[in-house]
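Two complexes come next, and they have one chain in common, subunit A, joined by subunit B in the first and subunit C in the second.
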Partner chain A sequence: MSEQLVFTRPEVLADVATHYCPGCQHGVVHRIVAECLEEFGLVEKTIAVSSIGCSVFLYNYILVDTVEAPHGRAPAVATGVKRARKDAFVFAYQGDGDLASIGMAEIMHAANRGERISVIFVNNTVYGMTGGQMAPTTMVGQKTTTCPAGRCMEREGGPIHMSEIIATLGGVAYCARTAVNTIKNIAQTKRAIRRAFETQINGEGFGFVEVLATCPTNWRMSSVAANERVGKEMIPEFPLGVFKDAAKEEQP
Partner chain B sequence: MSAKRIFIKGNEAIGHGALDAGCRCYFGYPITPQNDIPEMLSSAMPAAGGEFVQAESEVASANMLLGAAACGVRAMTSSSSPGVSLMQEAISYMAGSDLPGVIVNMNRGGPGLGDIGPSQGDYFQSVKGGGHGDYRTLVLAPGSCQECYDLTFEAFELAFKYRNPVLILGDAIVGQMKEPVARREPLPIDPAEGADWKLTGRGQRAPRILKSLFLDDGALAGQNIRLRDKYAAMATEVRYEAFETADADLVVVAYGSIGRIVKSTVRALRAQGLKVGLLRPITLFPFPEAVLRDLAGQGKRFLTIEHNLGQMVDDVRLAVRGLADSEFFGFLPGNMPTPEDFDAPVRAAVKGA
Partner chain C sequence: MSRIVIDEQRCKGCLLCVEACPKSIIVASSRFNAKGYKVAELPEASMDTCTGCASCAQMCPDVAITVWRTAKSKAKENE
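Let's turn to the complex of A and B:
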């Protein structure tokens, strides 16, 4: 019986060990992005914008032309890239501190202008690279190094729900929240990222996918427990779903 | 140079200079006294086949500039002092990532919100880096509407020659006044510009990464040594106007609009027989050190006049150190100087020694 290869690594994904911690889900999201780039034949015309945080090293793993943006500014940098080079496929990859705190203005306005770019937003409710400080998405009661007694609604406010906010903006063609904690959700994440990329390819508008992900190190959890937390605590707070899809709205 | 001159504001001259130099992306945010630039480019840039974006902030417009620069496209942003403070983050990243772009600062009064009138309060910010880290930008200081046009045109050539941000440091005077301006033959867009470094999508080649993060052992030191050598090489770009300096006992040093006003004072005092001249730096970085040092070696004395508390005077003193010193007269932002305002301080300095 001859061997048949049924599962392989996308070529655009570097064959190296990553710097990500065990149980971190950036690697899963990187792989899905890489698969989508290849399936749409985008690798050669892609310009990626990496942001500040653990995923700044995106360019070590997804082997496409990349520019590094200052903290929170990836949507503005991506705007400049896309305006300068309209034939390029442009995506930004941001974490929750980067996108929902310091970069709130840039993401809101890039989305509202309907920039023909795609933003992958990885939400793990914590600042990972700096050592687990409170993020704008940290859940009420969640302990971090800067809210050691747990985030307090009266003191720090509650977690920001970016997908729900982004979906209200006029320039947005597609906006969804997914997770990568189960096989089913991984498949759903891939469908969402494919659709977000498609909106850019078709010139429909701005595409946004929020992916709920783990940070076992800064959650002080095992990989398995961290993955379970996504389903038990995060998804009830951050419901999964498609919040806007311009293509479907046009249908009767 | 085309024979026909147009009568325009300094701000508009900057817009024309950019377009004629092949600038095809402009990002900006409203702030007085430079609004003529985004207003004219909001229609002129799309008409030239380029992109105009009114950004949500100066933070964003400077980062859009960074993105367009990474693609090797000639791009510009403009603002005035408070807005340029917000751009320092992106300018530092551009310097650290070797990205070319043009940033216009039509200096207004400060600190804080200040006023909307002229000032030279942003000299230090412009020539000493401005943002975090250890870097330099080329700084060009126009003193007329023609120079607004010419220096903006040439700023793009310099930006791409050195892969570095270039600042145009004007002020509310030169931005708002109108003069006849001669335009040059527009440069054709060169699709090959930056071919060996710009992002285009990797195609069949290896992927390119434009970044300012260098964590590996020795990597940042290597980058900083390379940047130092680049800044040293920029010394050949030095430009200045020397007016009646040959037989002068006193050389007044002043830049931009103030240099222009001082020139009138010098001319009037010359007519009265005073041996006074003007050295007007046109590049503030690189600073015209050699010519100042040469003048100091000839035994001349110096008076630096600025529209601030005294900033460029530090660089004049450094240039002539060991040979001479420079006196200083500061006309403070909030008022607009006339040639007569400089009459007494120049006279006193001529008599000085």
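Let's turn to the complex of A and C:
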């Protein structure tokens, strides 16, 4: 009769139905963030900054104080919040249409300044909320509503690899790309987010985690097929791994 | 016997849990929930096979699965 509860919803993750489409992996990333906040005992001192996009309703799902930033400006808002409230734990949660497009300036400078914030960047290669337009991260050949014949390398260029770019900037303490398509990758994502949060807690610098996720609706795929696409098409284009870890560089 | 409980009102029928289950015992049911999603289920007959690994629960984007693990007993749920 020794039954042990091994998996349940973290308390800080609201017990409500999300507005996300079936199979959308924002839910998985929300859960991992919520678990990490609980594990570090940060719930009471966290201020989240949510972005524009499907993740705009973050404040309905992760029950911490939240600031809603204008489109793309989450790292700038998070900078202000962190500088005004140095004792607070501040993280921004952004999608690829938000962070890699309109928010490119803010993320680059926040990373370069080495702000003591953590940024979770969910990359699903498409603008989800607005109806599946081409994003900077859209892959060559991928069909979206604004490139119905597929993204053309000559006309629109190739997808932006944010993690590789961020890793080259001075103030970055931790930068990694992970996915949530398999159990193994979910475990890696949790390790990465935990490490990114740690860099902020220890005051090491800027923490950045890019998570590859699906958008079954705008990819026009079933949830299962979309999840397979992450492994087959996205990971070869966006290789997983840790691109920078300040703690490891100091001890060669 | 380990067991899982799927919150059918939260399930959106994406069936990622079906793919994630190493024992392949979760299946699509023929029931619809209040929102009109065809929910996933673990048939009572296959519950014995469940190891409580929580792969399905970790994969579930809607955190609709709760997992209990038991070494060896005849635990009866009282949900």
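One rule holds in what follows: the second predicted complex is superposed on the first by the 251 of 252 C-alpha atoms of A that agree within 3 Å, B and C clash if a C-alpha of one lies under 4 Å from a C-alpha of the other, contacts with A are read in each partner's own complex, and residues count from 1 in each chain.
The definition used in the following text is that a contact is a pair of C-beta atoms (placed from the backbone, for glycine too) under 8 Å apart; a residue touches a chain by one contact, two chains touch by 3 or more.
Keep in mind it's a predicted model, so treat the numbers as computed, not measured.
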When the two structures are overlaid on chain A, which partner does A:97 contact: first (subunit B), second (subunit C), both, or neither?
neither
Could you say whether A:80 touches subunit B, subunit C, both of them, or neither, answering first, second, both or neither?
first
Is A:89 contacted by the first partner subunit B, the second partner subunit C, both or neither?
first
Superposition-derived comparison: subunit B or subunit C, residues of subunit A touched
B
Contacting residues of subunit C [partner subunit A, same complex]:
9-10, 12-16, 18-20, 35, 37, 52, 54-55, 57-63, 65-71, 73, 75
Note: in the complex, subunit A contacts subunit C through residues 1-9, 13, 17-18, 20-28, 31, 183, 186, 216, 223-224, 227
Spell out the part of subunit A that touches subunit B in their complex, as residue ranges.
43-47, 49-50, 56, 59, 63-70, 73, 76-85, 87-89, 105-106, 108-109, 113
Subunit B contacts subunit A in the complex at 24-25, 27, 51, 53, 55-57, 59-61, 63-73, 75, 89-90, 93, 97, 199-204, 207-213
